[in-house]
Amino acid sequence: MINGERRTKRPIRWAMVGGGRGSQIGYIHRSAALRDRNFDLVAGAFDLDAERGRAFGIELDVAPERCYASFDAMFAAETAREDAIEAVSIATPNNTHFSIAKAALEHGIHVVCEKPLCFTVAEALELEALSKAKGKIVGVTYGYAGHQLIEEARALVAAGSLGEIRLVNLQFAHGFHSAAVEETNPATRWRVDPRFAGPSYVLGDVGTHPLYISEVILPHLRIKRLMCARQSFVKSRAPLEDNAVTLMEYDNGAFGTVWSSAVNAGSMHGQKIRIVGSKASLEWWDERPNQLSFEVQDEPVRILERGMGYLHPATLADDRIGAGHSEGLFEAWANLYDRFAIAMEATDRGDAAVLAGLRYPDIKAGIEGVRWVETCVRSAEGGGVWIDYA
Amino acid sequence: MINGERRTKRPIRWAMVGGGRGSQIGYIHRSAALRDRNFDLVAGAFDLDAERGRAFGIELDVAPERCYASFDAMFAAETAREDAIEAVSIATPNNTHFSIAKAALEHGIHVVCEKPLCFTVAEALELEALSKAKGKIVGVTYGYAGHQLIEEARALVAAGSLGEIRLVNLQFAHGFHSAAVEETNPATRWRVDPRFAGPSYVLGDVGTHPLYISEVILPHLRIKRLMCARQSFVKSRAPLEDNAVTLMEYDNGAFGTVWSSAVNAGSMHGQKIRIVGSKASLEWWDERPNQLSFEVQDEPVRILERGMGYLHPATLADDRIGAGHSEGLFEAWANLYDRFAIAMEATDRGDAAVLAGLRYPDIKAGIEGVRWVETCVRSAEGGGVWIDYA
Amino acid sequence: MINGERRTKRPIRWAMVGGGRGSQIGYIHRSAALRDRNFDLVAGAFDLDAERGRAFGIELDVAPERCYASFDAMFAAETAREDAIEAVSIATPNNTHFSIAKAALEHGIHVVCEKPLCFTVAEALELEALSKAKGKIVGVTYGYAGHQLIEEARALVAAGSLGEIRLVNLQFAHGFHSAAVEETNPATRWRVDPRFAGPSYVLGDVGTHPLYISEVILPHLRIKRLMCARQSFVKSRAPLEDNAVTLMEYDNGAFGTVWSSAVNAGSMHGQKIRIVGSKASLEWWDERPNQLSFEVQDEPVRILERGMGYLHPATLADDRIGAGHSEGLFEAWANLYDRFAIAMEATDRGDAAVLAGLRYPDIKAGIEGVRWVETCVRSAEGGGVWIDYA
Amino acid sequence: MINGERRTKRPIRWAMVGGGRGSQIGYIHRSAALRDRNFDLVAGAFDLDAERGRAFGIELDVAPERCYASFDAMFAAETAREDAIEAVSIATPNNTHFSIAKAALEHGIHVVCEKPLCFTVAEALELEALSKAKGKIVGVTYGYAGHQLIEEARALVAAGSLGEIRLVNLQFAHGFHSAAVEETNPATRWRVDPRFAGPSYVLGDVGTHPLYISEVILPHLRIKRLMCARQSFVKSRAPLEDNAVTLMEYDNGAFGTVWSSAVNAGSMHGQKIRIVGSKASLEWWDERPNQLSFEVQDEPVRILERGMGYLHPATLADDRIGAGHSEGLFEAWANLYDRFAIAMEATDRGDAAVLAGLRYPDIKAGIEGVRWVETCVRSAEGGGVWIDYA
């Protein structure tokens, strides 16, 4: 049970790029990082508009001289300080992730980055090499994966409770962009513009979330080949898709599907994960994250509730309040940031034992997401053909 | 509102082939046909074991001399009677459907047949030609389609409430055959044996149900091409599949998916239909058939309840009891049989006007189901390739 | 598993009083009685308007001479016939139940009666005495109690799975009469008129349903005292209530509540039964009758599904179709009528063994419902005071 | 939309009494107060064990010399400082609330207190008088009331969308104390001991939560009289109850019920609020706090989702993230603490306009909770009799 005691020896000096005033994503990064006092927000390049960014930083109690006009300026100036930032979180449009992350690593700064980490596997591998060379981590904010019941799902699979895994049904299918909302809402415009969003819209923006959750729950499964069909129902979004279906064959014979959508009219997030084994299935839905459905064939469906003593100790470890009370997405993110902090500290002191026992969306997860999107797009552009995955 | 008054001038003289003692499917046919007194059960070839079939028929108040040892014997003997049967329902294993239906039509008898109607489109077209030539109908028991809220869904689509149709998400995915239950349960054995089941297991056995429902709701959509991946998770079932995913492109640009499964461990039927349009979506689940979710983007989800005055008159016409009370699958079947009866009578008197206004799973629906399975199997056997649909 | 084979030696000759054209309640009586061929509808006094009743009877294939103008005429004429009716169902307004039931019993005819059986305990006891004297049963159509999962709940309690019973939370609270619909809908008018409805509206009309279900599940509990508060939110309904809350103390120390309402705006039936024991609880909802929630403290909630092999054999005995398919209220009623038929036959041949093992809403259930309403009304009229129950 | 910008001019200097290491309630107070940087935790008397409390405070970055051994010591020492604490939160067992709150007010310190504020209305009124005299607020942590959809419910009622209010159905009925868990779990022991818990267990501990929510939603309703029946199903808890049912008549003719329980076996929190009006109902459940069911009679039920544009601006004002994402109890508490902070600042500068427009659980709410429990206990001890409420 977490009760606010710092997990690190001292707070990690931390900065943000992006996430300025009015940014939801900035707020959830800050809420998560500062929640359990593992990080101190000491610097930032919060906004493309330097003046606005500075004003916002000051409101957040960042020293005025550490509110920077750009990430370059920040990394340069900070590196020169005794109390330089040790970590940075990147909450900017997709097209800037690679260069900012690269610059941060080059300056010896740990990175937490929004997904997608970058646009190509080549770039991702470059970041991985840099991360290793500099001894600094890269964390990717697949925030939903921080919900405790994802840990429970992983534990149930590991214990063999599902039998042999057969089906992996993933979806993240909301309806908020059923209409061409980008025409009137500038905040969503960049997401459907390949210059800023990269080679895909929903595959990367939503599909990679349940994909990563599936990797957490099913660490032993490897995709063998996949195919993808994608559509641009709002025509002006082409070539970027607002809906996609991906089919996947795994090397153990399991079969997977991913439905990624922004045009599932009337649906909230609709992120659902269903794992089917030869004996039982698991189902989890991000809109009701405190429940996990465990369905053994020929037995009554069981509804597992967060916080209950029958769960795995690893699941319970991240609870912040007892069962029955609702935890939400902010707690899931805080769980991730707790692990980012532990990973940063363990990396800095070279503590392989701690790192071996720690699971978080790291550079490998970042690479995998990019690879999956890249492969899906390749399949879709080929007319929905099967592509070997590697 | 239905209250038991006959919809036909007089009861139609009706027989069954199959559906003997202990047959669930036989019971639901009889319950549906006799419910509103449009049919009289006057003859039958209920069982391969003639003695057992005769004993069962007598219990059902069928005259002993009209309990036949085989369908041939029945059609021959009945045709010679003044009060010959006018209609027959076929509830036997798949491999016999074609020959029984053909024989019935040749004897000038209306046919109600379990799906799949037959194994090949060629056979289905032969039945269609015979049906036309003889002026007798063929009804196919896609029973779920008789639920009133399917009618409501159709009415909402027809009224344009969903906008342009974009996505058709269909699934019928139960878990009852997660293990090789056929090894100990003879009643399920024939379903996984291609000699009796035909070219597919779950595609035909369960997948065609939501497919037909989608045809009812979306009469204007045409499949342009499809691809299918199928698996035999219980190895001994190969070449028949116990799980399959089909992707479909429609000629209006809509995209569809069908998940057919018998190994969705822990799930009951899991038959869910979701239709997504540019403005709104509809979702219906056969396990809670009295509710229809109507989800307009940017408005609260609405839960439509069977029997309520806000529904379309065509929806309300088939109610047997007021809102709040639960109607189930037996009522859905009875709704179908009511329409079969009306169709038989109208066909016999050549009443084109009545037929034009009547919607039921007819020979066209039967053909379509066979065509879809045939195409899916072709795609799957080709390694999951796209196949033009025609 | 029921598959339509008659449970009686021969069909019981049966008639109806009331339930004419357009009557929902008449249709459900007929559907239930005729479903499994234990009854033959051979006579009726279907309507106060004799001509209309006769026309309707003829449509139902009742012989014209056995379509009577009144119940007196019917009982008199039928008694004179060789093939006289053996049983009658009463589906008329409340104020006529007593006299019709009494007349039927006096003529030696088995009775199935809508609740409330009558208006006073004194009347109910008179019917009980007559029933014994004549050797004819009285069944009361608490139809919901026929759902199989009520049997399962009973079995779970009997097996001690809930521990000691502590709480009995009952409700039947719909919203259909939130407005004064009786002003425009004559079919509901009599229900709020004490001349026809008797001393209560919702207590008798809806509250007695879950009350009887609780008697089935908890046969060992006895009410010790109760109190009731009732309201007439639509003022013109006074003195009859359209909402009531009853609190009950049982002799084992358990505590119960019943919420009866017709003004629970926006709710369908809202009939929910929750039984809480020292170890576990059960919850059942008539709008989703195929599921029963079994909630053991400190374990995950289990959703029991109708038709599954893990249920009690007595539960499974009444299934008409496999798990996953939805059975509804019509099947529940048919289950009751099956038992009425068995009870009639066993009573006629004096088969005490069969009767001892048979549970159905009998004259005792009828008396109990009347006693409960009478006591509730007494408490409410005293200002919501506690009244000893006896 | 909240994004972490401080709502106060500067952080309020804040301390805690209780809430030491391992205390869930301490963590949620701190998470809420510090979330949006309106408070700084600068002092505390965290634990009865002074050394342990001091060690914990130091971990929370409180200066060692401001980690006090007792609340008296803290109030005395802090008052002498230039940078004295301005507010204190009380998270100790019930029996200490009154004396700590009184001492804090006497020292001119704003108070946030766990419910119940104290044991008697007399005490509560004394605190109110002191609060006025000293010009300092008292906030009570009815945390669930901070969920945004409670605000929406209030707005819908205020707009007349429900019509005239008729029924107020409240419950908070968990099952965690179905067994005598206090025998082995010391953390729950004081809750069932009247020396520490006061005159009630569940009425005060859980029942007052939905009661306060009903006061928020229905500010115009006044209880006229009530009755209460309470039980001690675990006998050793007597005279304190582990289950209670309260009936309430309101002065406008509405009727209310409150089910408070700790023995509702198998249930999580089971806090549900249903408000029934002449035209529509509202239902909210704390375990799925992002949804509000709005049920207009004769229309489909609507599921309102947190964050959607169709909600009232006052509802949306407290969102921290977009619709579809789940907010939980921590956000609800943070919403309350935001308002406590605004209220403290406005009170200190005498800003009546801000205070008039601000709704939070204040001293009035605290008094009302105590009054309700006191009256319920009086009724229960009288045998479940009606008591005028004043």
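For reference, chains read A, B, C and D in written order, and residue numbers begin at 1 within each chain.
Throughout what follows, a residue touches a chain if its C-beta (ideal position, glycine included) is under 8 Å from a C-beta of that chain, and two chains touch if they have at least 3 such contacts.
Because the structure is a prediction, the values reported are computed rather than measured.
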item	value
Identity of the chain that, by mean CA position, is farthest from chain C	A
Between A-C and A-D, the pair joined by more C-beta contacts	A-D
Intercentroid distance (Cα basis), chain D paired with chain A, Å	35
Rounded Å distance between chain C and chain D, as computed from the means of their C-alpha atoms	44
Chain A and chain C: spacing of chain centres that average the CA atoms, whole Å	56
Residues of chain C touching at least two other chains	176, 294, 299, 301, 305
Touch list for chain A against partner chain D, complex	1-6, 21-24, 26-28, 30-31, 35, 37, 56, 59-61, 174, 176, 268-269, 286-290, 305, 320-331
Contact footprint of chain C on chain D as seen in their complex	162-163, 166-167, 169, 175-176, 178-179, 227, 229, 231, 233, 243, 245, 247, 249, 253, 255, 257, 259, 261, 263-267, 276-281, 294-297, 299, 301, 383-384, 386
Chain B to chain D touching residues, read off their complex	294, 298-305, 308-310
